[in-house]
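Chains: A, B, C and D, in written order; residue numbering restarts at 1 for each.
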Amino acid sequence: VPDPLASLREEIALANRILVHEGILDAFGHVSARHPTDPSRFLLSRYLAPELVEPDDIREFNVADAEPVRAGERHYSERVIHSCIYEARPDVMAVCHHHAPAVLAFAIAKAELVPVFHLGAAMGEKVAYWDSQDDFGDTSLLVTKIAEGRSLARALGRHSTVLMGRHGATVAGNSVREVAFRTVYSCRNAELQIQAKLLGQVYSLTPGEARMAGSHNTRSGPLGRAWDSWVRRLHKAGDFPKTGATKTRKRPARRAAKLSLAQKRRGKRSRKN
Amino acid sequence: VPDPLASLREEIALANRILVHEGILDAFGHVSARHPTDPSRFLLSRYLAPELVEPDDIREFNVADAEPVRAGERHYSERVIHSCIYEARPDVMAVCHHHAPAVLAFAIAKAELVPVFHLGAAMGEKVAYWDSQDDFGDTSLLVTKIAEGRSLARALGRHSTVLMGRHGATVAGNSVREVAFRTVYSCRNAELQIQAKLLGQVYSLTPGEARMAGSHNTRSGPLGRAWDSWVRRLHKAGDFPKTGATKTRKRPARRAAKLSLAQKRRGKRSRKN
Amino acid sequence: VPDPLASLREEIALANRILVHEGILDAFGHVSARHPTDPSRFLLSRYLAPELVEPDDIREFNVADAEPVRAGERHYSERVIHSCIYEARPDVMAVCHHHAPAVLAFAIAKAELVPVFHLGAAMGEKVAYWDSQDDFGDTSLLVTKIAEGRSLARALGRHSTVLMGRHGATVAGNSVREVAFRTVYSCRNAELQIQAKLLGQVYSLTPGEARMAGSHNTRSGPLGRAWDSWVRRLHKAGDFPKTGATKTRKRPARRAAKLSLAQKRRGKRSRKN
Amino acid sequence: VPDPLASLREEIALANRILVHEGILDAFGHVSARHPTDPSRFLLSRYLAPELVEPDDIREFNVADAEPVRAGERHYSERVIHSCIYEARPDVMAVCHHHAPAVLAFAIAKAELVPVFHLGAAMGEKVAYWDSQDDFGDTSLLVTKIAEGRSLARALGRHSTVLMGRHGATVAGNSVREVAFRTVYSCRNAELQIQAKLLGQVYSLTPGEARMAGSHNTRSGPLGRAWDSWVRRLHKAGDFPKTGATKTRKRPARRAAKLSLAQKRRGKRSRKN
């Protein structure tokens, strides 16, 4: 009896922790997913540092206004980043908002982030740029109003990644895993682009290469291979989120995380040790 | 029966260890707080590397002369950094002195450190600069005399952060948590500013943005969210300081660290595992 | 009754994990070795992230066409990188393909990677350069066809290391240990060359120095000293691969990894603790 | 019944592991000390990666010819680096030879390494420079002959640190702790100098400041504070070397490492947990 909603909540908690563990998120930033059966809702943690998020902390919000379905708790102030992208892009199933240093450097220098290696092409052929100053003048830079979220979503357009001037970046995709992959490898790409610039000229991928490499690397094979290694690191670090009910703890954990065969095998072994 | 002094000593020990764990302090640097009920005194560890500080190591010192209330032990030679800021700034409740690499680079290059992202605005709209050479000529660079401490406090003025040429930085705030947050995010800001400069021009926050972003990010919500994640990392690394008496160890630990709800919940769970 | 094939499979699993642990491989990249008794075959893991590879995952492939000896599983798409180098270079007994950041920066900037310290000379006096765009135009950048693999092998020529434009690098050697050493120290060399360039001019080794230093550092002494320290780190991190059959677990593990005397002694001690 | 020779062997093993843990040494590099009662001899590990060195691995060598007092084992080929400095400098009681990246970058760019912060002054007011090419032309860059060691010692002169072109650095001092401190903070200084250069001009310490700051920071207080924190990290990481005989294991360990009061207290507590 698989429960897609429970599975997705566990996957969101996992993605939060993976992105902390891979150096992308710190106490701030968040990962969401569109509700698996009701496209007018999305799932996001309540107000918590990402490394503390458990599946039980994932709440439902309305795409229309970013408000929680059930009120009474504190929530992230930047929920409109997520809701407005789900509103504008029916194809988007997951969103990550982050402040990873290498990508943020481009958002401070207004420098163009371009794919410089095959895995970096996962961020999309072109990265969009948005700055709250342009439409809204002086703000706290936080994107908290629907008008701000819609402005950001317009800047994202059909792309997958949008830099937010002096603030961070937002990444969209058709699954939590794709968004995690896209987020991690856009950061690796940014680090590489800075280092290559220090050495001289940056030779980026051609549009054709970026299209083919991006398409190849967001297939289930590479996504699963990366996800398996990130999950293993979480396990080893003791950072795996709580999954399933306490009394049936082991089985739901395996199911929910959608572990690949390789991961399952590893899991069994480590339990033996 | 809450004991604000005991709580504060535990929070100071925590902040010392958090700042080591986040890469800000090494064997040197220190965190202090003004005495919770006697504003003419402040609390600071005796002579120890920050990662070794326990609540029992926190001593009381006089703001007037930086001398310990009870003599007989070795103390940091730079206590006047703390005492002279408490003397000049009645609003300041906590101080951190550090030599974090990214911030120190600005204090070696005499380069202006400016807010380049919303969280960096927590360091204040403007960062002050002081160099011992200007008033005192050749010294060991350590700030050990009251005249030196007062010169530094004058340079800090109404700001929150002062760079100390070829030496480090000192950060002031209205709570230990605010000072920890300000210290961590001024370092992240410095790292980002260096990386952005490598890419070309640095587009910093406008004064209005810096004011609004700084004000937002030093509220209890963001401070608590960051503190919770730092505390969790300490716990996981086995670096949490000893708290409370041995026989009632678990409960005072939870109280003293002023754990948020999220943190408390996490703590309970990890105890179950 | 030593089993050279079993030993080699264990050494390949170890090398995969070592190169992850030393920051060279992430979820992508792979290490292979020529079959110890049949030079027309080579050994490579099935489709897995390197940090998950166990000796049991190592499969046999034909040098002639990069196809697995036994079909029915998913495999890396870039097997021709390995097969075509074994085909062109009978002296090569092991190959590593990776995307380590420092080396990749040179492959993005088309900058010459040169030996700048004695240990860096292990990568060879000269590093070759290849770009898929030159012979094949727009591709996904992955090297998946025999014609692509042969083009890469021609660029490698008699050298030990070839940069792959906007993609990564491939390293060849006469043993798994030599390839691991060459891979690690070419990355350290790349990091140093970037840092030295930031300081001004880069003074590299003369051809004579590079030849002598490269020859010295790929002897069994230095290779074993480095391997011992990498193996120790894996052990400490709990990342050592499973070795031997379960019932005779301890002894085959020691044999298979070809632990040096020093390593054996350490192993015994840690078992006592 | 203190045994100064046993204590010193334990301190050398500790320093080897500390310098690995602090990112200075990898599989290569070594730390030695002059024999505590016979100035014509010095103590150095046999041929091992530094993180594997135990007190039992420390051997005695003659200052006159760098040969071991008892033959029959493999030793580091660069022993003359140590012997020739002990020969030329009766005041030197300990030596470290390393290839730490930040310092090595200066030895590749022939850039002047200067004290840029108070702790960096521990490396000495002036850092000497030597290149094997000048006196010996093309070599493997390893310093293995007495003539090479004496040339290096002449370049070191009365200074504490000598850069070795395209190779590394060697650091001398009057105790193992001073050499460890000097080594760590020369590397931190090098990292800072590179970062400050990226920001613009580097404002270094004046000669007077460097003299006063260097003198202050190599006193027993700062040396002990840093040593205590490094030892604690080793303990926590499970990297503390074996000390004393097995049956009296706990007490000799505490004595031998010359733990400060703070460290002793910490040790007792962690044993309780």
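Everything that follows uses one rule, which is that contacts are C-beta pairs under 8 Å (C-beta built on N, C-alpha and C of every residue); 3 or more make two chains touch, one makes a residue touch a chain.
Just so it is clear, the structure is predicted and the values come from calculations on it, not from any experiment.
Steps from chain B to chain C, taking the shortest chain of touch contacts, total 2.
Residue numbering at the chain A/chain C interface overlaps only partly, since under half of the positions present are found in both copies.
A centroid comparison over C-alpha atoms places A as the chain most distant from chain D. Chain geometry summary: the mean Cα position of chain A and that of chain D are 45 Å apart.
Chain centres here are Cα averages; for chain C and chain D they lie 32 Å apart. Residue positions of chain A touching 2 or more other chains, listed in rising order: 197-198.
Chain contact topology: the protein chains form a single closed ring, every chain touching exactly two others.
By the definition given earlier, chain contacts exist for A-B, A-C, B-D, C-D. Every residue of chain B that touches chain D in the complex is listed here, in rising order: 26-28, 47-52, 74, 99, 101-102, 104-111, 133, 137-142, 165-168, 194, 197-198, 237-239, 242.
Interface of chain B with chain A (complex): residues 116-119, 188, 191-193, 195-206, 208-209, 212-213, 215-216, 221-222, 225-226, 228-230, 232-233, 236, 262-263, 266, 269.
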